[in-house]
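Chain IDs A, B, C and D follow the sequence of writing; residue 1 opens each chain.
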Amino acid sequence: MRILAVNMKAYDSAFGKRATEIARKVSDLSSTLGRVRIIIVAPLLNASRLSGLYEHVFVQHVDSVGFGAFTGYTPVSAVRLEGIRGVMVNHSEHKILYRDLQKIIGEAKREGLEVLACADTPQEASAIAYLGPDMIAVEPPELIGTGIPVSKAKPEVITGGVKAVKLIEPSIKVLAGAGISEPGDAVKSLELGSEGILVASAIMKSPDPFKEIQRFASAMEEFEEPPTLTSY
Amino acid sequence: MRILAVNMKAYDSAFGKRATEIARKVSDLSSTLGRVRIIIVAPLLNASRLSGLYEHVFVQHVDSVGFGAFTGYTPVSAVRLEGIRGVMVNHSEHKILYRDLQKIIGEAKREGLEVLACADTPQEASAIAYLGPDMIAVEPPELIGTGIPVSKAKPEVITGGVKAVKLIEPSIKVLAGAGISEPGDAVKSLELGSEGILVASAIMKSPDPFKEIQRFASAMEEFEEPPTLTSY
Amino acid sequence: MRILAVNMKAYDSAFGKRATEIARKVSDLSSTLGRVRIIIVAPLLNASRLSGLYEHVFVQHVDSVGFGAFTGYTPVSAVRLEGIRGVMVNHSEHKILYRDLQKIIGEAKREGLEVLACADTPQEASAIAYLGPDMIAVEPPELIGTGIPVSKAKPEVITGGVKAVKLIEPSIKVLAGAGISEPGDAVKSLELGSEGILVASAIMKSPDPFKEIQRFASAMEEFEEPPTLTSY
Amino acid sequence: MRILAVNMKAYDSAFGKRATEIARKVSDLSSTLGRVRIIIVAPLLNASRLSGLYEHVFVQHVDSVGFGAFTGYTPVSAVRLEGIRGVMVNHSEHKILYRDLQKIIGEAKREGLEVLACADTPQEASAIAYLGPDMIAVEPPELIGTGIPVSKAKPEVITGGVKAVKLIEPSIKVLAGAGISEPGDAVKSLELGSEGILVASAIMKSPDPFKEIQRFASAMEEFEEPPTLTSY
């Protein structure tokens, strides 16, 4: 499955009724897709609530703590108890220590949660690949939110990231991110060897976020892989 | 109204079905009380969900950010959009800068949210009183989670905290916290001049958290204030 | 004594030979002044070295740790062992928790070190006054480094800060800071009731930092207080 | 050269006269050694001062900032201006983000400074090896300060760390650390394939730190490598 991961960030459309509407509509859309899996990466504040509306919700951050006296922190195990499918960690806007990444990924695996970890560079993607998350999104921070898509501005980050990760652990899916504005950028990312995208502002800052999700999903669904794939 | 604020922290009983059960039962209990308001201080991960079950839910922490590209952070305004009643900030286990406290309290007021701010000492309580939150809980960190109640071990922290806060802003309610283990400790805190308590482990680590809440609520409901109150 | 506190920050002129030259020349200048005390607020990296050249050196930050296994952190007690006169803490660019401020000020007093604590607002100045540092510098963060002097743009922050602090503890000296560009701004700050200034970029980004220090010191030395002072 | 890196941490012996004495005596001792290079990893507060007494001083931490308005932070370039030979970063007690490690190592290379980076695990050592520091010290955090030497308790961390690093970049020297108490532990670490050790409490908490350095240096000087080396 190709991955369309929508990072809701903390945009106003990520909360309240607008978030509810996005999750409901994505749930319906999702059942019509055969090749694309839409993941909603939700804020801490409503990831649990949105998980009641759509199956493939991840939360935007967790902390490397267990259950206990940790006011305002989020244990990995709590994510499972709240019925949330997975966690995203180490996003460019919320970096964590490698040490904590190691603990969180280990704990998430024991809990049966999926992990999407973010990396700034192919080097960081390699570093994270050793820890065995399910997915790694490579996003050059200087392009995030700019509207200049990584697939055009720095295609070598996608190809380099894919190569770096697959060398260490071929089962990890590599997503491309940063500056993705149009469905065509998502397709281009697939052509460059990624297995999906991580997108935020192009969708969440739109007046109709669901409509944008639909456009991206549709383009990614229709994309036909070239007959021969590059092998690593 | 006397305040019984239950900080769920990140105990395992704070998530999933056990949290649901606590919120539901507290909602029922709450309608039977005349003098006590129970506030559930919920984790970020389910504060929104629990707010659907009980009206007086606060979230354990917020960040001093607005809406925008802040992955994994929680804007004050988002709390309102998710229908949550209030925020607790600056807990001993999640201290924030005075600068951020100032921003958060200002923003929460504009959004119509209630604020419960925590202080380690009467001095910090004074410092926070200038910012005008609705409630200040004074908790000596060295007693938190010990089972040695502040009302016995350091009653001067309660009386001193109340005096310090009321001197600056009489409308702020002062709660006592740290080490409160028994309903009698809550009553003692009221006798010392506080207007309620902030309690966590004595309730959340119990095999039946709701039953403990009921015991505390009952003792606080029955407490009769002495005829003459100390004036500040 | 009026205080001219020069925050070297991490400008290139704050390190190596240029820093040495500043400290040496200030030491000479200092002996010619009768009413002005120049404090050099030095980087962690050379505060000890510069203390060998000039008596009134403070370090820009310390940590709330004791001696021990704290790699890369700076105990308050170490400042004394290195022969440094005092510490500046809680600068707008390096905010610390109120809790840590409380510990650091207490520890510094026990060690016989002077403390200059910074505040963003008159409210924060009040909050800090309870902790009893020797000096409080009030600096609206939005003016720092702008060249728009607080004494012109927000004189009420100086007068309000002085009033707020003196109400709690009259022995604390109040300094004004942020955007101070010219010796005239320093004089204006004294006229508004402050007992000195905290200045950085106007001096350290100049091609000849010492010459600027000299100009400020001279203007502050010559300032004659009006015959009647406002009482608080 | 075999590396004997002494992390002074923030022990009381790391400051003032005792630190001066250590640096002076190590400088003398150093000239008598042919196979061992002693590196003193000094606190931020006196790294510059001690660099005037001994050539091979590293500082315990730097920040990923450039020159500018960064009160209390330490730019990499400032380390060079103060005449300090190198930097240690990412110690277990002062972890930094991978992103910052990447910036700092790049900047240090441009400035001609040496870099010693620390790793908790062979996995983190691999992750850091991609960034090309001069040395990597592998230290299981659970053994630091325990007196249980890594060379006995977890020899596989040393052999695994060496193997992991050399696979990526053979020119990086790998040091062993954590719990090293006796000169024999240092020798054992060399036998396991490391090129030196990082040691702290065994030396700095001793009544005579220099004497301990001498004992370690002597044992490491005398160690004869076995005729055939393991190849990677």
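Just so it is clear, contacts are C-beta pairs under 8 Å (C-beta built on N, C-alpha and C of every residue); 3 or more make two chains touch, one makes a residue touch a chain.
None of these values were measured; they are calculated from a predicted model.
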Graph distance between subunit B and subunit D, where chains that touch are linked: 2
Reference subunit D; chain at largest CA-centroid distance: B
Between subunit C and subunit B, distance of the C-alpha-averaged centres to the nearest whole Å: 38
Residues of subunit A touching at least two other chains: none
Residues of subunit B that touch subunit A when the two form their complex: 7, 9-12, 14-17, 43-49, 52, 59-61, 65, 67-75, 77-79, 81-84, 88, 91-94, 144-145, 200-201
In the complex with subunit B, residue positions of subunit C that touch it: 95-99, 102, 120-121, 123-124, 126-128, 130-131, 141
